[in-house]
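Each of the next two complexes has subunit A plus one other chain: subunit B in the first, subunit C in the second.
After this line comes the complex of A and B, so read on.
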């Protein structure tokens, strides 16, 4: 078992180190998040719509579209010099490879989700108050579910001629339940409703994330093995 | 036509690597059309063949990089399993790609693969391998700053990091300048220590014959000719090669 976690840790450490050096994905996701928040801010007619009422949905859309920019390129670093072949012909467990890449993606997207929450709070003048911790939890669970599905389907799309353009077509339908519960929960927390009111939704988001992780860990080997 | 690469084998006969009826199809295209071979400890098989002959597909199946459509690969009598990866410790693979990350240093690349193989004494092992391929001075240099020859040597260090007893080489001389090729030749010569089994796929007749105990020519997915270098007039092998390829085409 310790070998398994050492292999998983090697994948996480390698992916984060490569991202730290290139900053390719985090910079594109971060820039998208800020620009989307600015555009949404200017596109709202505040005389007819209160920004607080639409912020939750826009936060989740920004997170998902921004996340696609980074998650879609998950296997780009492995395609250079055939590195994926090197991993697949090593004794590393395929599910450890999947979980490692998913956790590295989660670390990146979680940072982006905090940025998204920050810029929307600023531009939409949200008052998060005592619910800020719960909002971070909700976005964290949403990010985890999203990257689990995104990493699996990025592996699928990277092996096709359509590449990253295929990813949203594959992932978006599966994200519907997460967006429904995530955006609804976020909206209520922004509206300063008590956590007890959304506790069930948060548990569902957690269950969705765990189910996506488990499904990805099981299915990944069938996606990457020739 | 000499048959020095026997098809039948058993664990008792010292066979290390065995292929039984290997077939690989890509839709309607048959890349490997039923290949049997068996290699013992110390054997070094070089497979020549034109582009599209299925050499890389054969090597991919021998190394467990891809599943055969039909047939089986056995290592020391045990059929390789895709669900239990422990046998992968026995196999080292080097292709014309090094499986390296551009933005990691030479040392970081080897450390990453060493952790995937869960190797003990990793720091000492990495130092020794880098020394062996002449890259000790470049251990902290990112791979993107290394020449093609240096990358190929680092790829060889990666392939041998876990001290495999089966080494698979896919066009290892591709794109190398003469000095880099000489360095690679020296390291490959060290592999012929009688303890390892080596399979090399190459277009390079001279390099391929030099290191082989067995030679085969693969055409259209089949091993159309098998022999040993001792039976060959190496100066005439080019003509023989073309005759086999054209005869089978």
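After this line comes the complex of A and C, so read on.
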């Protein structure tokens, strides 16, 4: 068991170290998030729509589109110099590889989701008040579910000739539950409703993330086998 | 080769039977069955819509099941069955998605609404679109089969989540009238027409399925011969 977690930790450490040195995924996702918030702001006519009312949905759309940018390139680094072969022939369990890549992606996307929340709070003049902690939890659970599905299907799409263009087609239909619960919950929390009102939704968001993680861990080995 | 001929003959017989049954079903739903009291004439589309829906879910369920077993046993026949079921499912899902809005325009006053079962069918339709795109965009066919099986299984796992999440919005869809704890609530002639529809669509699906299965088997056989003859 401890070797399993060592293997998992090694994958996470490798991915995060590479990201820390190159910073290309986190910077592209971060820049995308800020620019999307700017564009979204100017896409609204503030004389007919209150920006605060639509911010929750836009936060989730920014997170998903920005997340696709980074998650789609999860296996980009492995596609060069036969690095994927190296990982697959290593004694690491396939599900440890999946969970490691997913956790590394999660760390990146969670940072981006905090940035998205901050940027929207600033640009859309949101008053988060006492619900900040719950909002961070909801965005964290959403990010986890998203990267679990995203990492699995990034492995699928990077193995096809269509590449990353296939990723949204595969992932978007599956994200509907997450967007329904996530954006609904975020909207209510931004409107300063009490957490007890959205507790059931947060639990379902957590169940969605767990189901996505478990399904990915089981199915990943069939995607990468050669 | 004998097996393929048998499959094709079965496909022809069942498809012809299904098409003949379809004529009978149209006659029944246009002329024989009594008109529903509150919805009027538009309710007759129900005898096409509901059997199409049942067949769709049967086909997609069968596809997910055979996909799962394919990943386990790696028998080519299972993958072929999954592919043919997915194609049939997509056809019947398209029937369901076209007849539904026609009925909804009269009954609900709108072609489209974000109603749970409607949303779920639309998403399933796109999940299976992805299923075919994944299959056709891999150079190595074996890899495409694995990828497609993963998509089908994930799609099946997602169904309860999609259903629960869209249930969040209040459901406009009519409640079940056949599969209920206290038995069917439909009047006799309507139930007969509906069950006839279900049987006709099932036979039609099985006919098309066998046709496609025979074709895929032939294709695999041709592939195998082409490969062995070049060596």
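One rule holds in what follows: the second predicted complex is superposed on the first by the 226 of 226 C-alpha atoms of A that agree within 3 Å, B and C clash if a C-alpha of one lies under 4 Å from a C-alpha of the other, contacts with A are read in each partner's own complex, and residues count from 1 in each chain.
As a working rule, a contact is a pair of C-beta atoms (placed from the backbone, for glycine too) under 8 Å apart; a residue touches a chain by one contact, two chains touch by 3 or more.
All values reported here derive from a predicted model rather than from experimental measurement.
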item: Subunit B versus subunit C as contact partner of A:6, first or second or both or neither; value: first
item: Which superposed partner A:176 touches (first subunit B, second subunit C, both, neither); value: second
item: First, second, both or neither for A:22, with subunit B first and subunit C second; value: first
item: Which of subunit B and subunit C A:156 touches, first, second, both or neither; value: second
item: Which superposed partner A:48 touches (first subunit B, second subunit C, both, neither); value: neither
item: Contacts of A:184 with subunit B and subunit C, given as first, second, both or neither; value: second
item: Which superposed partner A:166 touches (first subunit B, second subunit C, both, neither); value: second
item: Touched partner set for A:225, first subunit B, second subunit C, both or neither; value: both
item: Which superposed partner A:81 touches (first subunit B, second subunit C, both, neither); value: first
item: Intersection of the subunit A residues that touch subunit B with those that touch subunit C; value: 225
item: In the complex with subunit B, residue positions of subunit A that touch it; value: 3, 6-7, 9-10, 14, 17-18, 21-22, 77, 80-83, 85-93, 221, 225-226
item: Touch list for subunit C against partner subunit A, complex; value: 71, 119, 123-124, 126-127, 129-130, 133-134, 137-139, 143-144, 146-147, 149-151, 153-155, 157-158, 161-162, 164-166, 168
item: Residues of subunit B that touch subunit A when the two form their complex; value: 60, 63-67, 82, 85-86, 88-89, 91, 93, 95, 97-104, 108, 112-113, 115-118, 151, 158
item: In the complex, subunit A residues that touch subunit C; value: 149, 152, 156, 159-162, 166, 169-170, 172-174, 176-177, 180-181, 184, 204, 207-208, 211, 215, 219, 222-223, 225
